[in-house]
Amino acid sequence: MSGSLEELRKYRERMNEKILAAGNLQIQRFFNLDTRAYEGGALSAKIKELLGLVASLVLRCDDCITYHIVRCAEEGVTDGEFFEVFNVALVVGGSITIPHLRRAFERLEECRKLPKPNTKLGKD
Amino acid sequence: MSGSLEELRKYRERMNEKILAAGNLQIQRFFNLDTRAYEGGALSAKIKELLGLVASLVLRCDDCITYHIVRCAEEGVTDGEFFEVFNVALVVGGSITIPHLRRAFERLEECRKLPKPNTKLGKD
Amino acid sequence: MSGSLEELRKYRERMNEKILAAGNLQIQRFFNLDTRAYEGGALSAKIKELLGLVASLVLRCDDCITYHIVRCAEEGVTDGEFFEVFNVALVVGGSITIPHLRRAFERLEECRKLPKPNTKLGKD
Amino acid sequence: MSGSLEELRKYRERMNEKILAAGNLQIQRFFNLDTRAYEGGALSAKIKELLGLVASLVLRCDDCITYHIVRCAEEGVTDGEFFEVFNVALVVGGSITIPHLRRAFERLEECRKLPKPNTKLGKD
Amino acid sequence: MSGSLEELRKYRERMNEKILAAGNLQIQRFFNLDTRAYEGGALSAKIKELLGLVASLVLRCDDCITYHIVRCAEEGVTDGEFFEVFNVALVVGGSITIPHLRRAFERLEECRKLPKPNTKLGKD
Amino acid sequence: MSGSLEELRKYRERMNEKILAAGNLQIQRFFNLDTRAYEGGALSAKIKELLGLVASLVLRCDDCITYHIVRCAEEGVTDGEFFEVFNVALVVGGSITIPHLRRAFERLEECRKLPKPNTKLGKD
């Protein structure tokens, strides 16, 4: 694994700030749309985070998977629920997702050990 | 669009039967795992179909999208909920998903017009 | 090929209108960002359309390829330039892009035969 | 399915000729490398066609899959062997490959019915 | 490169055990199907490992590539054969696979230096 | 980030030399086509590097992104131009490209700090 959740969170925050500070208005708007896509509406924030997690798994993006695991945990997703999402991703995306599943599992363990207030990541 | 929901359903059923009849035990088992991944458990069948839909959208597979739209409609997913799933897929997967979104929207329209008992597709 | 440029344009316009009329504000904003990404700025509209074309080719989306070929032609891209973009896409994306390249070539032929004012597509 | 094997073969040949006639030397060289990659060497032509088939399946390109099924059949690949390649692709690439698998199966049926000399496709 | 073959093997084994111990029956079955897909049948184990390798290369998964290189080496794949698989993957998947090819080559070197009994990896 | 630009450059050069020295003629030819695809012709080298960058971003290959950022900087691409390419990639490829965008931004910073003659990378 490439760094702790805390290191990853800091890197993400620092780089996002730089990208947003660079002043491209359209990129700023995209980041805003990205944040708002996961806010509760017709579907709850929890369900939307599950959607973000399964999409990240089948597209095989470790940083995105980590982000959504942390957010899912904050929304109260249980281990049993996590494993059913992992299974859907595994069936849809195939064995090529397994290395990401191993890292996802490790992130989940790391996440469960963190005191609640520390788990909050900046936006993906 | 390449055929009605009904034509697509019949093609899928006919070919799935042939594939399963060909006698490769491991393929039969995979198809079984695929069916069971969407059965209600820790997460409801409805949420799992939403997961299947968003995964199909970001992986850009029209037939898979159609299948999960029909199943989501059967599980009572509302238009507002569909659009929030479409939005998550659009943000995660980008504008490259838009042609699939157009076809998804057309399938949803077709699906809403069908009498309930006819919408049932065989397994994806 | 699945329909003429004109049929494709009409389908795209009709479905985009329906999607935008459905009233999901975030999807509307995404479509707006998509339109604006190709407007001239630090880079010209022509270069941005070339970027859109190569991205569509390596991601293998026929409708997106068609859209950007039409727009590139409107921006005055020559056959020699088109072929160099096709070559970059072929080298980066591999032989898996060749079926899309065949259809791209056919669309380019179709596009060259159209009177200028008819080639305008609605937004992708 | 979008046309018979024979129609597909003619379309491929006609468009490949046009692309090669357009005179971009690097594209011509790429097409040449593509042809030669499947010639027997340290590995037999049969094994290389199996490699081309599994790669086309997991990358989900119907035209490429069709091409390699025809070539595999010409190299004497049996139904049992085809199904084991399909199974590897299904496990590696997941259920998202299933719609392609259905069309692959249909192409294989079509291919088995053709008299041997007619099955020959031009290069992918 | 992110760790030696031995470290990678231990990480894989440790995490796979945890995932299987978590008790989701469908994930356990998927892992079982994954293992069995590469067992000799109509096609030999060697050919199936070559299929796994080319699929992993075009899908660009370093851990999967490493796993199949080790298994191919165990099945007696020669350097000349490896390079022909690499070439098929390069032509099909394009230059985007080159960074993975560099790491594949390094893993192959590492693999050739290992005493035979140490090269055995747990299942991918 | 996994190593400095200089370390990455040396690794790439060393491994490319080994791959080319291994004597597979077709791989050598592919590497040659890869180099030549970015040489100025009907389109300038600068525009072709922009094409290579956007293709690498939407296909999400960090090493390829890094390579093309360095080459774009050598061709005089400005920060404003870089950001418009990043925006096209973000819109086309979606939020799944954001982790790569963060690393791209960091590479751009690193690149801007390097004295001109040191930024030259061997071929991708």
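For reference, chains read A, B, C, D, E and F in written order, and residue numbers begin at 1 within each chain.
To be clear about the criterion, a residue touches a chain if its C-beta (ideal position, glycine included) is under 8 Å from a C-beta of that chain, and two chains touch if they have at least 3 such contacts.
Just so it is clear, the structure is predicted and the values come from calculations on it, not from any experiment.
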Touching chain B and also chain C, the following chains: A, D, E, F
Same or different residue numbers at the chain C/chain E copy interface, by half rule: same
Remotest chain, chain E as reference, centres from CA atoms: C
Identity of the chain that, by mean CA position, is farthest from chain A: D
Angular offset of chain A relative to chain E [C-alpha, multiple of 5 degrees]: 120
Cα-centroid distance, chain B relative to chain E, in whole angstrom: 32
Averaged-CA centre spacing for the pair chain D and chain B, given as whole angstrom: 27
Gap in Å, rounded to a whole number, between the CA centres of chain D and chain A: 38
Shared-contact residues (touching 2 or more other chains) in chain C: 2, 26, 30, 33-34, 37, 55-56, 58-59, 64, 83-84, 87, 90-93, 95-96
Touch-based graph of the chains, sorted into line, ring, star, complete or other: complete
For the chain A and chain D complex, residues of the former touching the latter: 58, 90-97
Chain C contact footprint on chain A (complex, rising order): 26, 29-30, 33, 36-37
Chain B residues within the chain D interface of the complex: 2, 11-12, 15-16, 18-19, 22, 24, 26-27, 30-31, 34, 55-56, 59, 61-64, 124
Chain F - residues contacting chain C, complex: 33-34, 37-38, 41-43, 47-48, 50-52, 54-56, 58-59, 64, 78, 80-81, 83-85, 87-89, 91-93
Chain B residues touching chain C - in the complex, by the definition given at the top: 2, 60, 79, 83-84, 86-87, 90-91, 95-96, 98-99, 101-102, 105-106, 109
